[in-house]
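Here it is: the structure, laid out below.
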Amino acid sequence: MSDKQFYESLDEVEPGHTFLGSNELVLNMGPQHPSTHGVLRVILKLDGEKVNGLECVLGYLHRGIEKVAESRTWTQFAPFVDRLDYTAAVSNSLGYCLAVEKMLGVEVPKRAQYLRVILTELCRLASHQIWLGTHLLDIGAVTPLFYTFRDREYILNIFEKYCGARLTNHAFRIGGCRWDAYEGFSKEILHLCDDLLPKIDEYRELITGNRIWLQRTKNVGYISVEDCRSYSITGPVLRASGVCWDVRKAQPYSSYEDFEFDIPTGTASDTFDRYVVRVEEMRQSIRIIRQAVEGLAEGPIIAKVPKVIKPPVGEVYVSIEAPKGELGYFIVSDGSAQPYRVRVRPPSFINLQALEKMSKGSLVADVVAIIGTLDIVLGEVDR
Amino acid sequence: MKVVELLRKIFLIDLFQGLSVTFRHQHPDDLVTEQYPIERPEVSDRFRGQPRLKNDADGKTLCTACGACALACPEKLIKIGSLRDPETKKKVLTEFGFDVGRCMFCGLCEEACPTHSLELGKDYELALYTREGMELERNQLENGIPRKVYEK
Amino acid sequence: MVQQLKSVYGSGICEATTFAGQNYLVVDRAACHDVLRTLDEQMSYHCLTDLTAVHYPKDALPFEVVWILYSMSANERVRVKARFADGEEVPTATDRWAAANWMEREVYDMFGVRFAGHPDLRRILLPEDWTGHPLRKDYDLQHQDTDWVRKNLGIESGQ
Amino acid sequence: MKNILGYLHSNLTPGEAGSLFWVTVYVLLVFAGVATIVMFMNWFERKAMAHMQVRLGPMRVGPHGLLQPVADALKLLLKEDLMPANADKLVFWFAPVTVVMTAFCGFIVVPFGPTHAITDMNIGVLFMLGVSSLSVLGVIMGGWASNSNYPLMGSLRSGAQMVSYEVAMAMAVVSAVMMSSMATGTGTLSMIGIVRAQMQQHVWFAFSFFPVGLIAFAVFAIAMVAETNRAPFDLPEAESELVAGFLTEYSGFRWSLFFLAEYAAMIAVSSIATTLWLGGWLRPFPNLLAGKNWDLAFSLVPGLSFMVAAGLCFFFYTRMPKIRAMRANAIGQAGLGCFLFALGVVLMLPGVHERIQDIYWFTLKVLGFMYLYIWYRATFPRYRFDQLMKIGWKVLLPISIGVVILTALIGVRQELFALVWR
């Protein structure tokens, strides 16, 4: 095919369709791109290096999990939710179990609630560590990725010892937990907490004061509080804008009211503040874990639930504070053993919507930083 | 205070701080790499890996062919064939198929098993070059699959 | 709150109940947009947490669209539900919440419910030229767009 | 024949001596040497970065992965050579060639020792700067010819970046050249001349007029990182933004040419820095610790250092686990130890150790720079494009101009005082 033919064939595909001024450059980032965190595709409209507009194309990882739910029983669907946000599988699992338990009206035993808190907070640490590593990698610092992944590995080891799987754990069951703490569980976790704190300081030493890092993140990806509301942004991104709101405090679940912890907030609502908020959240998670391990009482780990779960007809919406933001499950039951509808409110999907707003007028390099700071997981965006 | 900050900036203190962190980590004690085929990871007791069918001391299967695992499986990948023994009127297991290629290793089958005959074991090298061979037969599940050990 | 809404919309509010400690309003389809506006502007339900739909194929009005609102000051959630017929257009919420944009696109993608006044109503998760709306109950689980799979992936079947 | 052997007793570089044979030999030697160092750098970078990142790096091919670059090179040569359908074929083909040519041309004037240079030009520094800045042409050609957006943006960035940092770099060089005039009254642009000037003035230029020389050196050291497109200034090939920048459409052999050129350019600019500020081939304290005995002691260091390396090899050989899987590795390591030991012995031979020590000290200094490059890359995030430009024009350029003025003022301070106090 000659060049002429090639360009003519382009015209046939999109007759007269041009969304460009003559000096705009369209850059197709993704779905295979080093810093789109999976298979996000962003179409950038550039004027030189400046971003004039962008459009996200989603769905490259769509697996129809909400449809899958309709043909599984309530119990069988639980392993599938781990595949939503695979960097924080335990959180997904917790949200789903809480939703079904709410519908059944089951009270989870205290010990199971504490175990759940310990594991979800460990999972938050692991998720934030992945975020930190990949975000820094996007901005060009290669090394922190390996440090954070090394530290995450210790957390995954605990997951493996507790429930036998490292990534998509399927750790909880409806009504409580499947496994009790293994021998040496508390000691190991306390030890891990002691180890992790200096490591978080190490990340800070490596990066927080670094002028390049400051220049790359300060005033990048600003979003106002009003826009946060309008875009329904939740999680660390919201908190970095100064709104002190966290589902764990606002509507405590799984005994979070028992623990003392602070909600870190930022002021500038930029990429740097989100970084500070998340790193501080890691410290707070360690604080919660310590309290939970100390308060871990003896007792049953699973409530009495029927073998075949048939919730009453009705619908509930239950949300938890996942590492990425508010993770909600809206479930509808028709009284049968299979869910009628399970809707996941994916924090990544909804936060990602603000990408266009945040990156308009910035440079290409900033878009990459903003995708990183939103902390998206495509498994959750595309479901 | 201002002067100190200015001096820190001029003498690139922040950058040297970062450099010192990376320099320190070159210490051989900090290495965490595991050289996989030579050093093999220890998996935990609860690890969910290669499925196994357990036999009792006499070598007879513990499985009663009740089908609870097949019912519990979210992916519906367990196929059980059974015959009713005309004498004892009990179900006898004839075949047991487990498609590891579709398995999520969620552990629900293991939980459903009343006789604890099916378990997800500790073997973790399940990769094959093709999808054939992913569907495990009964004797593979009972005796395990000899895996080629790669040394180099 | 219910009283206040009822006094304004009268029969527009069909039902206001609580299930498992969660409040929801069933609203007439004609009034839903106004109810959302009142909730946002006068009752501090400023956040649109989620927007989704449920399909009841046997009912006369098969599509139930659900708006989940959250009030940060009252720390309370409320669900607003309205029923729509197949092919009927739902008033969009994008004029009020920017977040509704993708949520409505997803509902359109999965259920085929169209939103009137949406700025850019296209499929979001599935490919543009896919046929059918998978989360409808009459969408067979074994079914897939074989033509699409053949054309774009070059294989006989994705199953 | 007589001419050829006669050269060995002369004190001239082959270019000056006009001996075609020795020029050819030197060109080949330099080319082979640089290519070997690039290979070694490839391994060293992966290894050093891996250790900074708490990993091991290549371990499988050869002892501690030493043969990894060979394996990589083989793979690259065997790879299918792809060219985009709508690429400008001629320019696409010519771009890597240009880059490699310019990168290696610079080595014509690099003095590895008082006589170990291909030639000594009286405009050596200028030649080197000019040639190394030509490589931007190749990068722009490659980016444009690929007919793709990422390479285009990468090459645009590269063009802007190299042009702006060239200025600061040249200004810093001017200061060093001015310093070279201090003892004799006439400065020189010849690389060998500058090193000789440092010898005569008893000081490396990095430490002369303290801290002026150091500032000029720092400016050059920063600008040279930007000039060679390395982290934290690696925007033209910023992986997380532009995939691979101007290299995106290149693969196989062409890509390896770019790779070779990048490392050769790094070595070239490091050689400039070494020559101008760190005393080139001079051994430590050539004046303070002068005398026959000191000369002998220092000239034995190269051989001894190789022997120490060999000793380390043997030591780790004994600590290796004695399992079958490690046997090939262990043999390789022992072999490497023997090779290093033999090399050490050869370097200690009389007649060799006097001649080789200049090259050794020069290489050691350059390798120090190489380590810095790797260290930066492992530590720093990447600058954004506008910030990069800001540093180039608003920070480095004013500083380097200031340094030039300061050097000039300090250089003529006696005349100035005389003028004022008259």
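For reference, chains read A, B, C and D in written order, and residue numbers begin at 1 within each chain.
Methods note: contacts are C-beta pairs under 8 Å (C-beta built on N, C-alpha and C of every residue); 3 or more make two chains touch, one makes a residue touch a chain.
In this text, all values refer to a predicted model and were calculated from it rather than measured experimentally.
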| item | value |
| --- | --- |
| Chain whose average C-alpha position is farthest from chain A's own | D |
| Chain pair with the higher count of C-beta pairs in contact (A-C, A-B) | A-C |
| Between chain B and chain C, centroid-to-centroid distance (C-alpha), Å | 40 |
| Separation of chain A from chain C, taking each centre as the mean of its C-alpha atoms, in whole Å | 24 |
| Euclidean distance of C-alpha centroids - chain C vs chain D, Å | 63 |
| Sites on chain D at which at least two other chains make contact | 52-55, 378-380 |
| Residues of chain B engaged with two or more neighbouring chains | 15, 18, 21-22, 25, 32 |
| Sites on chain A at which at least two other chains make contact | 143, 147, 150, 206-207, 210, 212 |
| Chains touching one another, given as label pairs in label order | A-B, A-C, A-D, B-D |
| Of chain C, residues touching chain A in the complex | 19-22, 24, 46-50, 52, 54-55, 66, 68, 72, 75, 77, 79, 97-99, 101-103, 110, 123-127, 134-135, 137, 139, 141 |
| Touching residues on chain B, where the partner in the complex is chain D | 15, 18-19, 21-23, 25-26, 28, 30-33, 35, 37-38, 151-152 |
| Chain B contact footprint on chain D (complex, rising order) | 48, 51-56, 59, 323-326, 328, 375-376, 378-380 |
| Parts of chain B lying in touch with chain A, wherever the complex brings them together | 9, 13-15, 17-18, 21-22, 25, 32, 43-48, 72-74, 104-108, 111, 120 |
| Residue ranges of chain A in contact with chain B within the complex | 72, 75-80, 143, 147, 150, 153, 157, 160-165, 168, 170, 178-179, 182, 202, 205-207, 209-212 |
